[in-house]
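Below you'll find the structures, each written out as structure tokens.
Below are two complexes that have chain A in common, paired first with chain B and then with chain C.
== the complex of A and B ==
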């Protein structure tokens, strides 16, 4: 499923530098995430995409137009998008009568499709519904996976690796306590639902050197159901 | 003329991706903003504060801001239109006023954080290079980075006056003396006295003196507000010295009392007619037209 493209040759020095940047590097930066819509999108999905985009800034790109893409039949246009916007991760939101409020999360390897999962969004409460101050831009979150299914079931293992890939930002050697501001908790219920909650980490004064950590819910509530 | 292809056709508009809104308005430089807000890969993920200095035609705005997902938050702000309170009545956008505004912001912020006794900056203004040192047993100095926006960073620019004011007020802002007035580009040396004279408005005073001698008409036009307030060229240094002392004494924000709205609101457009007025107007027009026909002068 290789995307055949005309050989793009640069005529200017600036164009040549841009093309060189798109080549595979020895040390890559953080993975970018691309948001786009399918044939139709619902308001719930639009809000959800916007909230995830806000969390993932500046390593994300959001496309606003609808695209006539049926991803499970033909993924070539998606590969072309990802190659153009240099994002190995994508989230496609689509809404139809038979499959309402669907999100397809996928990733690419060498701009060929590696894997993707379709999730149905049951409920979503956005950032705006929680009236408290939020976190700084582009902070690395702590991910907490609750429930034994994340290790046992194949689908959940796959989903876990996808979620880690999405929220991972750049690789750092050490982290300062002040920089740990964001925690996302993923809970898998026995029915097969995934509950996602987002928290702000507040370090309060405690008697000793390590601060007392308190979590304040600041972010979105998603409830996903695996299709 | 041959066939010309229309570039801006329907397909063009369907696929056109607009730039970010503030880029379209020409207000934000996203290249600089990304590097000011997002911490580097190799550094720890510590939050970053920035000192925002923006100059308009009649005002100087200095703010200390940090960014959150929902938007930037401002910790503290100072404007040069607050300077009349400290004795600087005219010349609110010159180099000296920018220095005063930066100083006001720094003292206000440190007072807000409770660090103003710990970090006093320099009370002796020499224009020389000064970097705040952190106290050993106590909180560190407040560190922020200068955000110039879209202004051109030439030597002697007023944004650096605001930054120098903030540094002398006690904030820790990494900088070099390369862009202060008094830096000689050929010999790469910095003359602190020239900088000091700029901070105290001596360049304005010198211009006042020379213009008064040579061209009194132009002097009256250029320095009309100074003449109105009776400010001489020699008084200028004193004004700014007093302003610095007054700022250090009381940097608190003073809330202005809400102005009562005027009793009769001024109208710029015609008021719309009511239904009765419109009907009346039509009836009157009809009447006058019928009268004209009866006199035999208009066609029915």
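== the complex of A and C ==
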């Protein structure tokens, strides 16, 4: 274990452990996601944030207060939030007349803004609207990207990186074969829309070792448009 | 032969009952990240008409391909659970914090490494003969155990009988703590390359003679004339190694005395260098002077051409004033005295 060389030492062992955790590590754990609101928020956005938060638990945090933040002009308050809550990923939801149902997804490096993308939410159907048995919490999902645009356009490549970062939870060395229950698919239509679907995986018998995969739509349904 | 045939037929029939796991498609799969990227073009008609069904079918196919890859991986059984070992993730994602740099070793750690000293693990409890019980060396109940031991403190032979031994012990402990804190801060300053003056005296009672000497030298040279007119005590010596922070303060040392032949040769060398002086040529000045002369020549030539041209054109344009030549700069005319 590396000894921390702080000028002011922590008085308790618990305090020392907390400070050690905040230092940069060689192997990093799952990235936390922070949800917060801008000046105004709409019903649709609130439900969407709540659903994503449920999906990302326990690696997520939701702030309920409204904040006077114009993120593309000044991102410093966002950096302060992320540093306080120790989350390198954030999603800001804001609603205004000129930019309705706006979602800004971004990430930080060393608590400085790395990149962010603004998306417009067109449609959303939550978890509750699907009558289906749900999966266990905190299982690592399989990610499927459909459409040639994910490899072609710069914006979509960037978005792909962001989505993988948000949904893949953490780097693992081995995965339980029974635990592969969740699949999320991201489809980029030629019109520039992004359709996100969430499925539960059911493994059926096939003639050989590898099972036949059947999907059942269990989760949220998002339609995003890149702003 | 018949048995083999019948078995094969049976397995073929059974296989027909189940749906196949084959998917005829080529997609990019990163098993380490459980990621599948399908770059084939989408069926836009199906997307418009029945998006949910189309997406379900598409995702099912891609997930099947991904699962086929996963089930090819080597597995092992951990606690009744079959686990597949994933290869390294190919899709690169940024870190959230920079990679930590290895910490530089402290002064003690370097010494220990050089000497080969290894830390011995001490157990928490140790047997104490005086109290005839196990007392902790640190943590919970240590101070109470020490207090039990110190119910009386002997006054040693050579000590003042009026001295408070208990207060002395407490003071010694606080001094040790302060020394440890100083060393810790020094290590941190060394690690962060923060310059700390070596010659400040934190505690005059504990400083060595060398440190005090150095501090005096530094203090002396902090006058306007760099300590030249500061008085010295009869046997006081100046500290060495201070010259980096007191530039110009320390006196120059006398050169060692030379032998007569050496001194003679040195003096002769000086005389030679003075007498054999040749005019040094400043190359740049010579070149620029040469260039200037050339330019003047050219301008003179042009001037001689110009009146002819002007006669032809009919006096167009004003005449330029001739540049003052170099000759007029010279004060005295070379070559001779004033004629009477």
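Criterion: the second predicted complex is superposed on the first by the 214 of 227 C-alpha atoms of A that agree within 3 Å, B and C clash if a C-alpha of one lies under 4 Å from a C-alpha of the other, contacts with A are read in each partner's own complex, and residues count from 1 in each chain.
As a convention for this text, contacts are C-beta pairs under 8 Å (C-beta built on N, C-alpha and C of every residue); 3 or more make two chains touch, one makes a residue touch a chain.
The shown structure was predicted, so the numbers you read here are calculated from the model rather than taken from an experiment.
J.: Superpose on chain A as described above, then tell me if chain B and chain C fit or clash.
T.: Aligned on chain A, chain C fits beside chain B.
J.: After lining up the shared chain so the two structures overlap, which partner does A:58 touch, if you call chain B first and chain C second: first, second, both or neither?
T.: First partner only, chain B.
J.: Is A:172 in contact with chain B, with chain C, with both, or with neither (first, second, both, neither)?
T.: both
J.: Is A:67 in contact with chain B, with chain C, with both, or with neither (first, second, both, neither)?
T.: A:67 sits against neither chain B nor chain C.
J.: Should A:180 be classified as contacting the first partner (chain B), the second (chain C), both, or neither?
T.: Both partners, chain B and chain C.
J.: Taking the superposition as given, does A:107 touch the first partner, chain B, the second, chain C, both, or neither?
T.: Touch partner of A:107: chain C, not chain B.
J.: Angle at chain A between chain B and chain C: what is it in degrees to the nearest 10, using CA centres?
T.: 110
J.: Between chain B (first) and chain C (second), which does A:42 come into contact with in this model arrangement: first, second, both, or neither?
T.: Neither partner.
J.: Of the two partner chains, chain B (first) and chain C (second), which one does A:140 touch, if any: first, second, both, or neither?
T.: Both partners.
J.: Counting touched residues of chain A, say whether chain B or chain C comes out ahead.
T.: Of chain B and chain C, more residues of chain A lie in contact with C.
J.: Report the closest approach of chain B and chain C over their C-alpha atoms in the superposed model, as a whole number of Å.
T.: In the combined three-chain model, chain B comes within 5 Å of chain C at the C-alpha level.
J.: Chain A residues touched by both chain B and chain C?
T.: 140, 171-176, 178, 180
J.: Which residues of chain A touch chain C in the complex?
T.: 2-3, 5-7, 23-26, 28, 31, 88, 107-110, 114, 140-148, 150-151, 160-161, 164-165, 168, 171-178, 180, 183, 185, 187, 189-190, 195, 197, 199, 201, 203-215, 217
J.: If you look only at chain B, which of its residues touch chain A in the complex?
T.: So the residues of chain B touching chain A come out as 14-15, 17, 34, 37-39, 41-42, 44-47, 66-70, 73.
J.: Write out the stretch or stretches of chain C touching chain A in their complex.
T.: Those in contact with chain A are residues 11, 14-15, 18-21, 32-42, 44, 47, 51-52, 55-56, 58-60, 62-64, 66-68, 70-72, 75-76, 81-86, 89, 91, 93-100, 103, 185, 187-188, 191.
J.: Of all residues in chain A, which touch chain B in the complex?
T.: 29, 54-55, 57-58, 63, 65, 127, 133-140, 170-176, 178-180
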